[in-house]
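Shared between the two complexes below is subunit A, which has subunit B as its partner in the first and subunit C in the second.
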Partner chain A sequence: MYKGLYYIYIVAKNTVENKNKLIFQMINHTLFLLFSLFLYKNVYEISPGLKEKIPFVNAIWSMSIYFVVFWLALRNIERSFRDDIKTGNIELYLLRPINYVWQKVFIQIGQGLIPFFVSLTLAVIINYLLVGMPVVGMSYFVWFFALLVIFILSQILMCLIFILCGLSGFWLQNSEPTYFVVSKFIMIFGGAWVPVAFFPKTLQVIAEFSPFGASMALSYAMYPNFADRFWILVLNISFWILFSLFFVHLVSKRAIKKLSVNG
Partner chain B sequence: MIEVKNLRKTFNYKGKEIVAVDNVSFSISQGESVAFIGPNGAGKSTTIKMLTGILWPTSGSVSILGFSPQEDRKKVVSQIGAVFGQRSNLLPNLPAVDTLSLFGVMYGLSKKEIKERINYIEDTLELHSFKNQPIRTLSLGQRMKVEIACALIHNPKILFLDEPSIGLDIIAKQILRETLLHLRTKHNMTIFLTSHDVGDIEAICDRTIIVNHGKIVVDEPTSELHKLIDKEKHVEVRGPSLEDVLVNIYKQ
Partner chain C sequence: MLKDIRYFVIQTKFNIKNAYALRSAFWIGVVSMIVNNCVFFIIWSLFMKSVGDINGWTGVDVFGMLGVSMFIYGITFGFFHGVVDLPQMIVRGSFDNVLISPVNSFFKLATSSFLVTAYGDLLLGAVVFLSYGIYLQFSLYTWLLYVLAIIFGAIVFLCIRLLCSLISFFIYDGDNISNQLFEIFLRPGLYPGAIFPIKLKTFFMTLVPALLTSAIPVDIIKTNSLKLLSLSLLVTSIWILITFLVYKIALRRYESGNLLR
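Right, the complex of A and B next:
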């Protein structure tokens, strides 16, 4: 545990040293939040019926949270695997006394942690000032802890999904096509383009109960019926975590055995 | 200390079997400094990767301090250090001390032990003048010193080096050689080196294993190697080499 936390701390420290990049990323993030707010305001004015599916405030929070999670960038675990296999840098990680997959997770969390917290702070301030707090059907104190549970579980699932994508590269030589399909499903079912609440009912259920939607369940947690759906979301994500863990365990040892690094 | 028996590694490429290492056997005892050399594609790097547990052999066995590097990976990596000349372990925006601390934590050292080891390595490798500078601002020679420092943080018994001097200028090469020589003579460290640089081998290694097409073709003390082709008497004229001259000029 301490090893992992220290690993994350050092990588985060290394990342934050590049302050200009972080500032540029956060300006980009702020502009994007303001743009989507403006866009949604107009969409809601043109189609007042949308309010019945999801209130404007909740739609804005849902979109913002999707983009905040985007900065944590756990999907980059797959790219990191891909680069290590291509360049042969994997050998450096295999020489360390910590499991390769764990190291990749620590590195990605370390790289994404500071942008994640800064973007979260910006999103909360902008949303609170411009649209107010979402309708959540429970006290905000309880909501916060419920969100935290969903966040942690969904990010564990996200890690596992992209670890599996990355591990596929040991057989396919290039895991990019797998990554492309999976990341697009996560974007669609996670509500990156339009909130899932706008989907037809059947597609909503498929999105929510698929591993792709479950890994972005935080955006669902911004919906007004979150209080009623909390335990279903937790069970659904937990199921997919166990399912993915089984496959990661099965595949990872075989992947390392399959490894061939050019001399 | 290192026991290699009938080691073989093959790769499959488009249904064709390529033999990278073919029935290689040797043993290395503690404190020995061995050069493992050969032309490109001879199987040097593949062998060093099997010795360090990165690659799994197709057949044969490797024993490092009595353990299999593949089956007992954690036990082996805690006893060995490795430096790969073409790859870097360092975090570019942070000073050496941070990377060294990270490696100390990874190897399970306590805070006190990490501090002691860093102080010791700083003295041994003379890192004082640049230890607090971000890695990206260091010269290649200084970076290589920090790479070696990372490999030494957990006080390993064996140091594996795969072409450590690749891309280094003459000064940096000399620093590297002095460092390795110091580790060998003062600390009785076992060194396993692959290199294309004859200077590295002459300076550091007392035994040389030459491989070609995956097989060992020569295994002799380095000082005896010239006898393999000396069929006639020769006159040796001693004087500064061109490398010595350049080092002198650069240092001025």
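Right, the complex of A and C next:
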């Protein structure tokens, strides 16, 4: 546990060495938040009926939170696996005293942690000042802890999904196509560009209960019915975590057997 | 100039041939990008279904816009991908190879690398934007407006991508910054043009000309507006001029990496 935290700390420290990068990332984030806010404000003015599907404030918070999680960039685990397999660097990591998969997870968390916290702060300030807090049907104190639970669980699932994508590279040689498909499903069912509440009812259910939607459940936590759905979301994410964990265990064992180091 | 263009064509052919040597990898790359792009069609069709027609734009128009956007993206990254690698070349000092070449440095740079997946964008984009024209039964005049608008869009897109890369001449380790800047430019172009309020639309047509590469070609043919096309031409010319000047200034700042062997 301590080793892991230290690993994350070192990587995070290295990442913020390049301050220019972080500054530009956050400029990008802020501009995008403002841009989507003004755009959707216009959409809600053109189609007032959308308020019945999801209030404007909740739609904005839902999309913002998707992009905040985006900066944690756990999806990059797949790319990291892919690069190691292609370059043969994987043997360097295998020689270290920490499990290969864990190393990749720690590196990714370390790299995304600071941009994540900065973007979260920016999103909360901008959204609070420009549109106010979302309607969530519970006290904001309880909501905060509920969010924390959903965030941790959904990000564990996200990690597992992209570890599986990365491991597919041991058989496919290039896991990029798998990544493309999975990340785009997460994009649709996570409500990146269009909130899931805009979808037809059946598709909303599919989105919410699919592993892709579950890995981005934080955006569902911005919906007005979150209080009623909290335990269903927790159960759904937990189910997919167990399911993915089983597969990661199975596939990673086979992948290591398949590995041939050329020295 | 003719010699440079001939070099560009030959090098591009060579790049494609090279990538096609690994036939299955080539097609996997192309098909996966097509699948990837289909997501945008799904997202926006769900959006349009939910919102209904906006400001005269239907779902078909949004598809046409996405087709244009993908086609332009495909052209830029399929034929000029080297400009994306420019920041890394500067950091590694390998830009020397481009400068000492007897051909135009821009063409040498543009063809120095290749992106297979861009051909997925190119193919899908071409199929969609052509189908859009056929579906709406464009007249010859409308086709002409449409194609010209797409050409202007492609030029602007290339100019902006190059400008983003050129930042590496001015900022140390500018690779990531260049990508972030390009993303700022890219994103607005992926939203349906109809949902932009007029002021925002003007902003994204001129100062950050993202809509020139997606929604404006569709707006031009929807209104049959020669005025809007002329405005596109004007904005394109200004961006070409800016890119040309910045490119010249940037090249003067380059310090050799002394990696030539």
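Brief remarks follow.
Here, the second predicted complex is superposed on the first by the 260 of 263 C-alpha atoms of A that agree within 3 Å, B and C clash if a C-alpha of one lies under 4 Å from a C-alpha of the other, contacts with A are read in each partner's own complex, and residues count from 1 in each chain.
Just so we're on the same page, a residue touches a chain if its C-beta (ideal position, glycine included) is under 8 Å from a C-beta of that chain, and two chains touch if they have at least 3 such contacts.
Just so you know, these numbers come straight off a predicted model, no measurement behind them.
Once the two complexes are laid over each other on the shared chain, residue contacts for A:W102 go to neither subunit B nor subunit C. When the shared chain is aligned, no partner comes close enough to touch A:F247: not subunit B, not subunit C.
Of the two partner chains, both subunit B and subunit C are touched by A:N18. Touch criterion met: A:I188 reaches subunit C, while subunit B stays clear of it.
Residue contacts after overlaying the shared chain place A:F117 against neither subunit B nor subunit C. Comparing subunit B with subunit C, more residues of subunit A are touched by C. Look at A:N89: by the touch rule set out above, it reaches subunit B but stays clear of subunit C. Common to the subunit B and subunit C interfaces on subunit A are residues 18.
Taken together, the subunit A residues at the contact with subunit B in this complex read 2-3, 6-7, 10-11, 13-15, 17-18, 88-92, 94-98, 257, 259-263. Those residues of subunit B whose C-beta lies close enough to touch subunit A in the complex are 11, 20, 41, 43-46, 49, 52-56, 73-74, 77-78, 80, 82, 84, 87-89, 91-94, 98-99, 101-103, 105-108, 134. Taken together, the subunit A residues at the contact with subunit C in this complex read 18, 20-21, 24-25, 27-28, 31-32, 35, 38-39, 42-43, 46-47, 50, 53, 173-174, 176-177, 180-181, 184-185, 187-188, 192-194, 198-200, 203. Those residues of subunit C that touch subunit A in the shared complex are 25, 28-29, 31-33, 35-36, 39, 42-44, 46-47, 49-52, 54-55, 171-174, 176-177, 180-181, 183-184, 187-188, 190-191, 195-197, 200.
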